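For reference, the structure is listed below as C-alpha cells.
When the chains are written out, they are named A, B and C in that same order, and each has its own residue count from 1.
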C-alpha cells in the first residue's frame, strides 16, 4: 500500500481525528489527535490491510527555543511532539504518527502533558514510553509502570527538554 | 508413649521465604552494568526486573549540540562491539535527510565493512555466550579471530574499537592497497575454524542441554516486544532489514545474493553443512538464537566474498564525506539498519542549521532486553545468564 | 578383620614404623617406644602438608599452563624463569599481603573456621594415601573407606562458608554444594566398591600390591565392567571435588563466585589448597583402584622389590610412577574444565541419580557375577600372573601389629606363588 493511499484511507476512516499529514515528506506522516491515539493505534495494528505489528520507536521532540531572541524568529509556537514510527513485518510498510502536545499541561510549568499509553497495543511501548517520560517529560496515562528508566529514580527534570538545566550537584557529585 | 492423635502436636511444614537477589550491576555475566533484581524461591526465579541506565550519558542530548559528523564518535560508543555498523546507521540516516546518493564503490565498501563488523560482533556474542554457560575457551578462540578483524579495521581507519570510519557521504578513506587480499586470506582461515566453534558449542551435549527449550520466545511475543535481529529470527520470523528494510538501506545490498537466516519448514538456509537442530530445541529458545548468529557469520562471509569482486570492479571514488559544518535541509528522517544485534534506528530532526534539532537512537538491545522479564519467569537461577546472554545485549547501546 | 581406623600413633607396619624405630635407636630407646612414633607421625604430617602445598603450587601453575595452551595462549612466562613456574608462589605472596576482609553480616566464627575445615578434610585424606608400597602416613586396613569418608567432610567447610558469609550468593553456592556432594557420595561409594569387591580388601596398600606385574594386572583390565566403572568413578570424583563441569558451588557466571564470594587473601587461597588437594586425592584413588597404583606398566623393579634395602629404590620408582599417574588424572580434569560448559544444578543431580548410580550398581552386580563365575578377561591371559587372592590371604592372616614389616609380607606372598 502506498503512503498516499494509506493516508487517504486513514483520513476517511477517522475523519477529523487525523488532523494533518504530509505524504511528500521524507517519511510520510499523519498527525493524530491525542485523545484518539489509542483508537487509531489499535486500528492500525488490527486492520488486515494495515497490520502494523511492530512499533519501532517513540520519540519526544521538544519545540522550544530558550533564547528569547531566537524564539521570536522561530517559525513555530512552543510545543512538544510525540513521533511514533510503525512498521509492519507482515506487509512490509511503514508509517509515522505524530501527536502534538502542549509543553506543559494547562500551560502550568511543571505539570507534564498527558497522552494515552499505547503499551496495551504494543508491549514494546512499555519501555519506550518510560524512556520518553524520563527524558522528554511526557506523562502516559494508563501505563502499567511509569518510572524513570535511564536516569536514576530521584533525578530532577527531563534532560531532553530544551530548557533543561543540568543540576549543580547530585548526591554530592558536581553536575556542571 | 503417646497413644493416638495428639492435637497439641502440630506438624510444621518447612517454611520458606522468597528472596530478593541483585544480579548486577557488578556481576560477571550481565554483559556490563545491567542490574537484574531476581525474586527467587530457592533456585527458582519467580520474577526478574531489569534496571538499566548505569551507562547512560544522554548521547541524544549531546547530539543536539553537535553536527552530524561530530556525532559519529558517539555512535561508536553505543554498540561498541559493532562500531562500524553504528557509524553506517547514522550515516545512512543523515544521507536520507540530505538526499545524498553515493558512488557504487562506496556502496560496496560499506557492505564489506558492515559485514566484517557483523562477524566481529557475532564472534564476541558467541564467545561471551560460552562464558555465560561456564566454558571459557571458546571466548578466547573467538577473540583470537576477532583480533584479526580488528587488525584489518586498524589498517583501514587506525582504530580498533571506536572507528568513526563510515561517515555521511562515504567513508573517511578508501581501503588500503592489498587490504582486500588480506581480508580474503583471513576469511579462508576463518571458515574451517567455524566448525571448531560448532563442535565446542553448537553441537556440544552439555551446551544443548543448557540451551534447548530454555527462554522460549514466541514469534508473536518477539514482535510485540519489538525484538529484532537474531532474537527475532531465532523465533522463526523471516525478517531482515537488509532485504525488507527501506530502499535507502536495501539498495546497498542490490545485486548481492543472500538468504535471510530464519527457520522455514524446520530448516535453516544451507543448514546441511552445519550441526543439525537438536530434537529438544524449540523454535525461539536460546539454542536457536545462538544458531542464527552462527549462521549469520557464514552469511556475512558469503556476502563479503561477493563484495570483494564488486568493490574491485567498481570505478569511481569511495565517496566524499560531508563537510564538518554542512548545513542540513529542513525536515526529518528516520532510518533503521540491520545491525548485528538487531534493528538500529536513527532519527534526526533538522531546523535547517548544521546542528540537528533532535537526534534519536532506537536501540535494538533496548527492545531485546525488555522481553527478559517474560522469558525469565520460573526458570532456575542458572538459566538467567543463559537467557540474557542469548539476547546478546550491549549495555552501551541500551543506556546510550 | 580389625578396624584400626584412627589410631595415628599406633604401631603399624609401613614406612612410619621404620622411621620410628630409627628415631628410637638414635635416642637409644627401645624400638617400640612411643616417642619415636610421635616424632615419626609429626614428620609424616609435615611431609604431607608439603605434598599438598607444593602440589597445589604445581597444580595451579599447571592449570594455568595447560589452560593457556588449550586456549592458544602461553600462560605464565616470566616469574621464576622461562616457564613462569614460580607464578603461583608470587600469587601466594600477593594473597598473603592482602587485607583479610570479613563482611559485616558474616558469622565471624563460622566464616573463619570454614576454610580450615575444608583444608583439614582434604589433608586428612592424605594420611591414608599410600604413595608406594607401605609409604603411607598411616596404612589403614580400611583405607579406601577412610579416604572417601574424610573427603566427604570437605563439604562442611563449603556449607559453613556459604552459610557464614552472610551473602546470598554464598548461600546459594553452599546449598548447591550440599545437594551435589551428598548425592554424589552414593555413586562414588558404589564405584569404589567394585574394585574393593574384586580385591576383597579395603586396604589401599594391598589393593595396590595386587596389581603388581604386567600392566594387564591392573584392575581396569580385570573384567569388562571395570572401564565403565572407572568412567563413572571419574565423573563422580570430579563432581565431589567440585571441578567443572560440576563446579556449581562457585559457578562464576551465575553466583559471582559462589561460596567463596566473600573470601579474600589467605583464607581464599586455603580453599584452593583444599580443592587442589582433593583433586590429587581422587586422582590418586583412581590410580590405586584402577591403574595399578605405584606399579609401572612393566615389572622393571620386581626383582629388587623383595630385597630389604633395594626395595626402597623400587619404592622410590613406584612413588614416581604413582605421582605421574595422579598428575595425568589431574591433567585430564584440567582439560575437561577448560573444554566443557557447566551443567545446571538439576542436570547435575539427574546425572547422579539417573545415570551414575544405576551404572555403578549394575557394574557392581556384573563384577560380582563375573568374579563368581570366574570368566577370563584380558588380565587372565597374562602369563605368570599373580592370582588375585594370594596377596590378600597373606595380608588377612597377617596381624598388623606383628613384627614382620609390611613389605616383607608382600614379598613372602609373592614368593609363595
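We adopt the following convention: contacts are C-beta pairs under 8 Å (C-beta built on N, C-alpha and C of every residue); 3 or more make two chains touch, one makes a residue touch a chain.
Owing to the predicted nature of the structure, the values given are computational and were not obtained by experimental measurement.
Q: Just tell me the minimum hop count from subunit A to subunit B, counting one hop per pair of touching chains.
A: Between subunit A and subunit B, the shortest chain-hopping route counts 1.
Q: Centre of all protein Cα atoms: which chain's centre is nearest to it?
A: Smallest centre-to-centre distance to the global C-alpha mean: chain B.
Q: Going by the average position of its CA atoms, which chain sits the greatest distance from subunit B?
A: C
Q: Give, as an integer number of Å, the spacing between the C-alpha centres of subunit B and subunit A.
A: 26
Q: What whole-Å value do you get for the distance between subunit A and subunit C if each is reduced to the mean of its CA atoms?
A: 68
Q: Can you check how far apart subunit B and subunit C are, centre to centre, with Cα atoms defining each centre and the answer in Å?
A: 47
Q: What positions in subunit B touch 2 or more of the other chains?
A: none
Q: Taking the touch rule as given, give the residues of subunit B at its contact with subunit C in the complex, in rising order.
A: By the definition above, subunit B touches subunit C via 19, 21, 27-29, 42-43, 130-137, 140-141, 144, 200-201, 204, 206-207, 209-210, 380-385.
Q: If we count contacts the way the header does, which residues on subunit C are in touch with subunit B in the complex?
A: Spelled out, the residues of subunit C in touch with subunit B are 67, 70-73, 168-169, 172, 175-176, 244-245, 247-248, 251-256, 338-347.
Q: Give the list of subunit B residues in touch with subunit A in this complex.
A: On the subunit B side, the touching residues are 52-53, 56, 58, 60-61, 64, 96-97, 221, 223-226, 237, 239, 244, 246, 331-334, 336, 343, 345, 347, 349, 357-358, 360, 362, 366-367, 370, 399-400.
Q: Which residues, counting only subunit A, touch subunit B once they are in their complex?
A: The contact residues of subunit A facing subunit B are 25-27, 53-57, 59, 61-62, 83, 85, 89, 92, 94, 96, 122-124, 126-128, 131, 135, 148-152, 159-160, 164.
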